[in-house]
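Same chain, two partners: subunit A is paired with subunit B first, then with subunit C.
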Partner chain A sequence: MSIFEYNGSALVAMVGKNCFAIASDRRLGVQLQTIATDFQRISKVHDRLFIGLSGLATDAQTLHQRLMFRHKLYQLREERDMKPETFASLVSALLYEKRFGPYFCQPVIAGLSDDDKPFICTTDSIGAKELAKDFVVAGTAGDSLYGACEAMFKPDMEPEELFETLSQALLASVDRDCLSGWGGHIYIVTPTEVKECTLKGRMD
Partner chain B sequence: MGDSQYSFSLTTFSPSGKLVQIEHALTAVGSGQTSLGIKASNGVVIATEKKLPSILVDEASVQKIQSLTPNMGVVYSGMGPDFRVLVRKSRKQAEQYHMLYKEQIPVTQLVRETAAVMQEFTQSGGVRPFGVSLLVAGYDDKGPQLYQVDPSGSYFSWKASAMGKNVSNAKTFLEKRYTDDVELEDAIHTAILTLKEGFEGQISGKNIEIATIGPKRIFKVLTPAEIDDYLAEVE
Partner chain C sequence: MECVFGLVGNDYAIVVADTSAVHSILVHKSNEDKIMVLDSHKLVAASGEPGDRVQFTEYIQKNVALYQFRNGIPLTTAAAANFTRGELATALRKNPYQVNVLMAGYDKEIGPSLYYIDYIATLHKVDRGAFGYGSYFCLAMMDRHYHSGMTVEEAIDLVDKCILEIRSRLVVAPPNFVIKIVDKDGAREYAWRESVKPDAA
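Showing the complex of A and B:
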């Protein structure tokens, strides 16, 4: 059994028209047993930058703490927020530091660049960045998510349509994966506001 | 004042509250060749005298102005070898930042880190302060910037500044001629005139060095031929 499948997770981020959405499932399990049904996988770095961490929950928590630490120091020193591209490079560097004893996580980074253009990317557990123009996925439900997103994605969706599409893609995919599910968390980010919603799906 | 009894150890304060070694370092800077910088509305210019000890020295091999990143450069007054060490360290810090963030280091950040290095050498054992003051010129998202860094590690942002032998005359001259909306070309002329004020001998493209950063954010050291052209314009 792979260490990446110990806790179970599903993460996806999708690009819309001058906006992006990032969504995750809510299950935290220990192999077959469900421990929590309200687990937060996505956290806000700043108003225009979010990161979701899939994989082993303990590594996700520690990595999250380290990234917040680095970002807060950056904010104090440089008196500005980190750009999403810069943050992605930082995540990549931190992960590669542990090349021969890695964090068992796969992060999904989503943010709005300076010119309000959405930026999404994912990396593998040792920091290989993968930029995409449409969507990125991570977690045990990753393969299903690829299929669902590929089928449902359309370029230049407005925030409302993006919300619908991403919710449907997420819920459909986690239904095919026994280790993720129990609803979903979704954030829709535009240059003016951040909307957070909880999705109700099959509670199993 | 009893200060001289405390001038043996860098890391000991004198009764008057000074670190005497840093005062001596500033004296070393003050007897170095004049250098200056001017921040224009659309760029920065830095310049220095390049007086060589003999006409036999190959002036092309002496580079007193160095680039730190494609959009930042630095000039000094004081001890050349100390300057080279600082340039090397600063370049490395700039590259480390770039390797981590895939972004050019902001001017203020590099100045801060260079100043931190200079401060370390005022508080460690067995080392002496750097005998240089630096003028760092850069152009980043915050616009054109000019910083001076002293041997103590303090740094200041300037609209125009001078260092070295002729500092008081040069600063007075700059104060008179500086305007907030000066353009880069005018700033270069002002820089040349300021250097000319205290220059002993005939000024030419071979015994001064000038470098600029314009709105394209590329640090460029002017060739002797280009300097001669500006000198002709100033005549």
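Showing the complex of A and C:
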């Protein structure tokens, strides 16, 4: 079994009209065994920037700690929050530092740019950025997520419709992947507020 | 076939470990205590490579004590768990420790907590956790019978159910187990469950 499939994960971010949504599953497993059903994969960097880390959980936790450290240092020096594009470059640089002994993670970065334009991005485990205008996916359920998102996505969705679309896409995809699931976490971010919801899906 | 498991109750946390020290087909001793008392209100139940297990848990214990000496206050369970994860993570890509850890603790404001720490430094706060082949039986048993707010008696009853399951269903089941509890009065040994009386040595 691949090291990327050791813990199991599903992550997706989608762009709407002046808003974005990022969602993940909640399972933490060790190969075939489920350890926890309340694992947080997405974390807030600041009010307008979220990062989700799929792949090996230990590397996701280490990388998360390093990124929070770097962002806090940036905030102290620059006296402002990092822009999503800058943060994506930081993630990419941190990952490429370990080019020949990488972190086994695939991050999904989602944020609101300066003019409230949503920004989403994913990188592979060695930091190759993929910027997309519609949606990005990561994790063991990635292939299913591509299909579901492609079918359900419409440009310029309002937050409520975006929430519905992303929830359905996530739940449908994780149901086809034994290593991810047990519900979902979804964050819908607009320029004025951040809404966090927990999804109930098939609990298997 | 080391079995380590634990659960959290209202105002206590219980961890259980088997007590066999095994080398290939030989049982060296059957009263090996694998649950270390980290400090007054913390327990670390560890399973894995025997040398690494003792070395790593002692290292954590001494560093936790050092923190208390230097700073005058003890670490919280969360802090100790994160420190442990940090040590495992740092060693992971150099010289990994093959030790799985269940850390149970009681903090005055927070109450009881249990942390699951994998040998590859995956950290998660859990209500119930288990390592080893026994985990297949224990986790299922605990999923079925555990509910939040169990009394100590109910929890020990559940622990006994888990031990019975391990003894009857695991092919090389360890004969003896030790149960330790941590609550507001501190971390202490609760009971042994012996089906083979170990010798005096």
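Definition applied: the second predicted complex is superposed on the first by the 204 of 204 C-alpha atoms of A that agree within 3 Å, B and C clash if a C-alpha of one lies under 4 Å from a C-alpha of the other, contacts with A are read in each partner's own complex, and residues count from 1 in each chain.
One rule holds for everything that comes next: a residue touches a chain if its C-beta (ideal position, glycine included) is under 8 Å from a C-beta of that chain, and two chains touch if they have at least 3 such contacts.
Please read these numbers as outputs of a predicted model, since none were measured by experiment.
> If we overlay the two complexes on their shared chain A, which of subunit B and subunit C does A:Arg66 touch? Say first, second, both or neither.
neither
> Residues of subunit A touched: more by subunit B or subunit C?
C
> May I ask you to decide whether A:Lys44 touches subunit B, subunit C, both, or neither, giving the answer as first, second, both or neither?
So A:Lys44 meets neither subunit B nor subunit C here.
> Look at A:Gly101 in the shared chain and tell me whether it touches subunit B only, subunit C only, both, or neither; answer first, second, both or neither.
A:Gly101: touches subunit C, not subunit B.
> Jot down the residues of subunit A that show up as touching in both complexes, subunit B in one and subunit C in the other.
None.
> Which positions of subunit A touch subunit C when the two form their complex?
So the residues of subunit A touching subunit C come out as 7, 28, 30, 33, 35-36, 39, 56-58, 61-62, 101.
> Could you list, by residue number, the parts of subunit C that touch subunit A in their complex?
Within the complex, subunit C contacts subunit A at residues 85, 89, 92-93, 116, 118, 120-124, 126, 129, 135-136, 139.
> Per the contact definition, I'd like the list of subunit B residues that touch subunit A in the complex.
The contact residues of subunit B facing subunit A are 99-103, 106, 108-109, 112.
> Can you check the complex and tell me which residues of subunit A touch subunit B?
Residues 77-78, 83, 85-86, 89-90, 93.
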